Amino acid sequence: MDKLRAALLGATGMVGQRFVKLLTGHRMFELTVLAASPRSAGKRYREAAHWCVEGDVPEEVADLRVVRVGLEEVRREDEVDVVFSAIPSELAREIEPEFARAGIPVISDASAFRMEEDVPILIGEVNPDHLKLVKLQARRGWRSFIVTSPNCTTNELMIALKPLMDRFGIRRVIVSTMQALSGAGWTGVPSMAIADNVIPYIRNEEEKVEREALKILGRFDGSRIVPAELEISASCHRVNVLEGHLEAVFVELSRGADVEEVKEAMRKFRGRPQELGLPTAPENPIIVREEEDRPQPRLDRYAGGGMSIVVGRVRRDKVLENGVKFLVLGHNTIRGAAGNAILNAELAVSEGYI
Amino acid sequence: MDKLRAALLGATGMVGQRFVKLLTGHRMFELTVLAASPRSAGKRYREAAHWCVEGDVPEEVADLRVVRVGLEEVRREDEVDVVFSAIPSELAREIEPEFARAGIPVISDASAFRMEEDVPILIGEVNPDHLKLVKLQARRGWRSFIVTSPNCTTNELMIALKPLMDRFGIRRVIVSTMQALSGAGWTGVPSMAIADNVIPYIRNEEEKVEREALKILGRFDGSRIVPAELEISASCHRVNVLEGHLEAVFVELSRGADVEEVKEAMRKFRGRPQELGLPTAPENPIIVREEEDRPQPRLDRYAGGGMSIVVGRVRRDKVLENGVKFLVLGHNTIRGAAGNAILNAELAVSEGYI
Amino acid sequence: MDKLRAALLGATGMVGQRFVKLLTGHRMFELTVLAASPRSAGKRYREAAHWCVEGDVPEEVADLRVVRVGLEEVRREDEVDVVFSAIPSELAREIEPEFARAGIPVISDASAFRMEEDVPILIGEVNPDHLKLVKLQARRGWRSFIVTSPNCTTNELMIALKPLMDRFGIRRVIVSTMQALSGAGWTGVPSMAIADNVIPYIRNEEEKVEREALKILGRFDGSRIVPAELEISASCHRVNVLEGHLEAVFVELSRGADVEEVKEAMRKFRGRPQELGLPTAPENPIIVREEEDRPQPRLDRYAGGGMSIVVGRVRRDKVLENGVKFLVLGHNTIRGAAGNAILNAELAVSEGYI
Amino acid sequence: MDKLRAALLGATGMVGQRFVKLLTGHRMFELTVLAASPRSAGKRYREAAHWCVEGDVPEEVADLRVVRVGLEEVRREDEVDVVFSAIPSELAREIEPEFARAGIPVISDASAFRMEEDVPILIGEVNPDHLKLVKLQARRGWRSFIVTSPNCTTNELMIALKPLMDRFGIRRVIVSTMQALSGAGWTGVPSMAIADNVIPYIRNEEEKVEREALKILGRFDGSRIVPAELEISASCHRVNVLEGHLEAVFVELSRGADVEEVKEAMRKFRGRPQELGLPTAPENPIIVREEEDRPQPRLDRYAGGGMSIVVGRVRRDKVLENGVKFLVLGHNTIRGAAGNAILNAELAVSEGYI
């Protein structure tokens, strides 16, 4: 099949660079337009991006001329079939609808529309049927739609919880995070702030996790998402790690389960992306490790190309009823951002939405 | 009063060095004997210790000749009134009773005797009456006694929970830790292991926290400690921080309390060491900060000379009944080790046990 | 004597905070005005400064109301006797002369006027007689004067070289630096940039070192500074260390000297501040260590309260004629900035310039 | 051609793991025997190695049974054609000759035999003709030979200097290093030692650089290596970086050269491995970057698969006659160890020595 032509909004940032890397040589999509802030516009991508992911700027896009973020600017470059968005939320609120209205589907990593009733927060393996929600966006007078990805911290937690919810039911979740620096962007955390330190606060993060989870794990009843009936509490902290969010999770299941059952449920877990064989789908969405000291961010973040989450130290928790506790790690800018969005786009294509 | 003459076992290690620093110029105790492993024995302290705490080796002890750890070796140097112990647990099991039997009280940081029925795990502010337990050690045929300090991770958690238990009652506690490197000793964590990483496992740590807590918060009924009736679950992790254990704590209180009440209970908390005006007692055992991003290990670990714990981000937890969540930080080798032991010794002297 | 009343320009930045800390309880100066950017103006210092040096904001200044940087703004608060300046260079170029013109001496850490012919770059121990240069500033129509401090990297190098120049003569110097993060200010180096990394470039740093050195080590002939006749080449690099610049120095002396002579020259070195017993003068400007692995930034940066430099590993260099090589460490925001400036002010007072 | 069968001595260490990774799927060699310390012997490689390089243990060797380091032990497993050695130097001194005597060529990373008159310190691109030296080892009564690789710090410096020596001549070299943690092995540098710190000393490192360089850059006159007639002085320091040694180099050339000529000489530099198209030879031994802040260890260490060195900031040095200064970075366990040894083996095969 001919590749779909894609634009990337926010191409020079850290998540933007991940998009570029993951879309290079992609068999469904071809990046034909790179858009960024006015400061970058007019420069070749090679000069505009302060490249900071592994390797060098991919040759395919290195000489593309960056345009400003905007419908007209993108259109002037190419008639794209899809838009990937990695722009700040305030800007996304204004810009993304322009594309949807004009008939160009928006696959977004921004938080702007996540909590809108007719917009899915999509994780291919967890709630693929929420994609149906986009049809309701026609009521807005849009010819196409917006699909969002969850916050990076929420993402890996949802994947870990999904098989437990399906098999045992979940009543309560307590999660304490140790999050990587890249989640705050290149200049987000000064080195003076984090060297020999932990910062026990990430603005809005706990609220996002608690709010998004109920929607993602909710049920689409044909007209709306009925939120999941579990309770979730988060405490979010920044540690001195480049990439990979680690989370200590305590879960109260609806029914008793022994540790081996829990691990098996996770190991066997497959979702719609695996069924469809989507290009970015990892073979195993969840890798369960048996070592006593894993997962570790530096050693495990690239599991499954950064698209698998890694669970370890699954053990009983005796404080919660039917309690189980474990650690989960995900690559926050791949699985937790660009990779998840690309998987969403692949799913939307395969399911006929794009 | 004349100072009591003290020996220090394990004088060259990291906790040993903290003891040396805190006991320099102490108004109750004078370090007259420094004991360490055979490798160090015979050297001057200045040469034997690879000094790694702030400043230089205190002049008062720099030229003391280090002896081997052992009753005879210590006695050959001086008739000491008290022994501080910072030796490995296996060695402590063998050596500490020799001193107690010989009539020399042992104030220990080792874990060897913590769970013995007639040995207190003492935190001056939390369970000072447990000191009475040492009288039962006479049954062992000992002329003196052993007092232990809790594990560093347990210590700060106990101090934070004590005022909540007293005022509101506690049913359940979930704690997720971000622990400093010094807790593992100078060579405990290779730099290759922790750079750009978190290690989500510390051997025996979760068990220690869960076990020691119930004893420390328990009630001495005249003949034994009746364990506290709360439930506690821990997940322990090592982060790239030199000193200062940070813990995310989720608590289910026995009765509802609003956040301000919880903070006030913590702020007003004072214990026996404060009443007695003990030299190492911090003015405020608990400092509650209001900033949204504190406590931070690097900025807060030296609060109260390293003897105060610092609590922050006290907020409601909606998952647990009457739930509250917060962060707590303590200096793991001062409050969590040497400082707590010295405070124990001061308490034992003031209460007439030494 | 009554304390001199002092204003501090740039009070909220990292160097500004060091000034505040060092001037608290100072026996010559009292901080009565704190000035900072418009963003901070009007707030109490406690709120305006994102306090990041050890301990808490000193109570003496915590509630001072911050004013905008400017002559009128400062004067409206108090008739100060001296102004300390820790503002950015472009701003300094404009603001500092206003104070000098108005008769208020300016003790500056900014680079703006360093290379002006009639302005000294002053290090109390190295070139105290350069202070005479300020009299020439009367030609500008100023009623008072500006004194500058060198760049932090230059500072410690100059102190280390001074006794060698005096005793053996110096022909050539090659220096390779490993500089701390604080040198770039709180937000200067993103954590993503420096974690698991070294950045082998610091803008303008090599030029500053090479240029300032010749002036500082030069001779005041009554009308101008005759630059020193040595050659110096620097390569400057940023490493993942909070405070303390470490420099590897290779020196070609004018005559042969053995390593012990070099160390003795450094150890015996005392300057005018030591003669005068100035409050901020360290007892030993240079501490020479004999261990094979010192100086180390974390262990040695607070030597002499951060005002001593620490030299180690003095050894022969066989590539340069009469060659010697060693390492030197200085606290870049104390000796290398605020502390040096305060010492300059003390010298100016003692010598009758203020 | 059939692959040569290879044994690896020291297979579980960090350099050993690099060998394993680089030899997996190699077109000339097949690892059939993995040898390590008695502690590992008998275990499957998967269990014996605490795997710490990227990705997982390669499946090809994961289940190989590890044997003890020793000629008999290796032979009992397989009749190997070549032995790679990554064992400690003292052990190498004893073990490596046994293999050479028995007719099995030893490609070693150990320092034991580097300075022996009849043993080459070989870098394929720099001194391929030194390989001829191995014929002299027959005098020892050996049926085969030992080839060594230089110390990792020496290696990248030699590659950077070679084209300058060939084209301009070199008189003097001063080098100041910022070396990675992996150079000291997994447990070599405790995290407590290096966090927020630099350690300005690496045992024997400066001596090795200074000594090995003259031999490597020397000339084989048919019977011996005539040492190069340049002078070299090193100052070696450990920084908090996982992999990649960065070196600041100051060079006095024999004749004047402008910066562009120097960069061109480096860029055009190719060696015998490139001529022969050896599998591990990087296309460009030296990559010269033009950005003002490169090379950086984290961003550049994997250039050319870790086999290219990266040079940056080439500029004039005005202190040395015909002076030039620059930075050079190399991956210390690939180019600086395992990769260089494998390239040596490839060269020895291609040139008919194996």
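Lettered A, B, C and D in written order, each chain numbered from 1.
As a convention for this text, contacts are C-beta pairs under 8 Å (C-beta built on N, C-alpha and C of every residue); 3 or more make two chains touch, one makes a residue touch a chain.
Just so it is clear, the model here is predicted, and its values are computed rather than measured.
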Identify which chain pair among A-D, A-B or A-C reproduces the interface of C-D, meaning that over half of its contact pairs, matched by residue number, are the same. A-B
Reference subunit C; chain at largest CA-centroid distance: A
Is the C-beta contact count larger for B-C or for B-D? B-D
So, what's the distance in Å between the C-alpha centres of subunit D and subunit B? 48
Quick one: subunit A and subunit B, Cα centre-to-centre, how many Å? 42
With centres defined as the mean C-alpha position, give me the subunit B-subunit C separation in Å. 41
Name the residues of subunit D that each touch 2 or more other chains. 52, 195-196, 240-242, 299
Going by the contact rule set out above, which residues of subunit C touch subunit A in the complex? 14, 52, 181-182, 186-196, 240-242
Quick check on the complex: what are the subunit B residues that touch subunit C? 52, 54-55, 195-196, 299, 302
Would you tell me which residues of subunit D are touching subunit C in their complex? 172-174, 176, 178, 195-201, 231-233, 235, 237, 239-242, 246, 248, 250, 292-299, 312-313, 317-320, 323, 325, 327
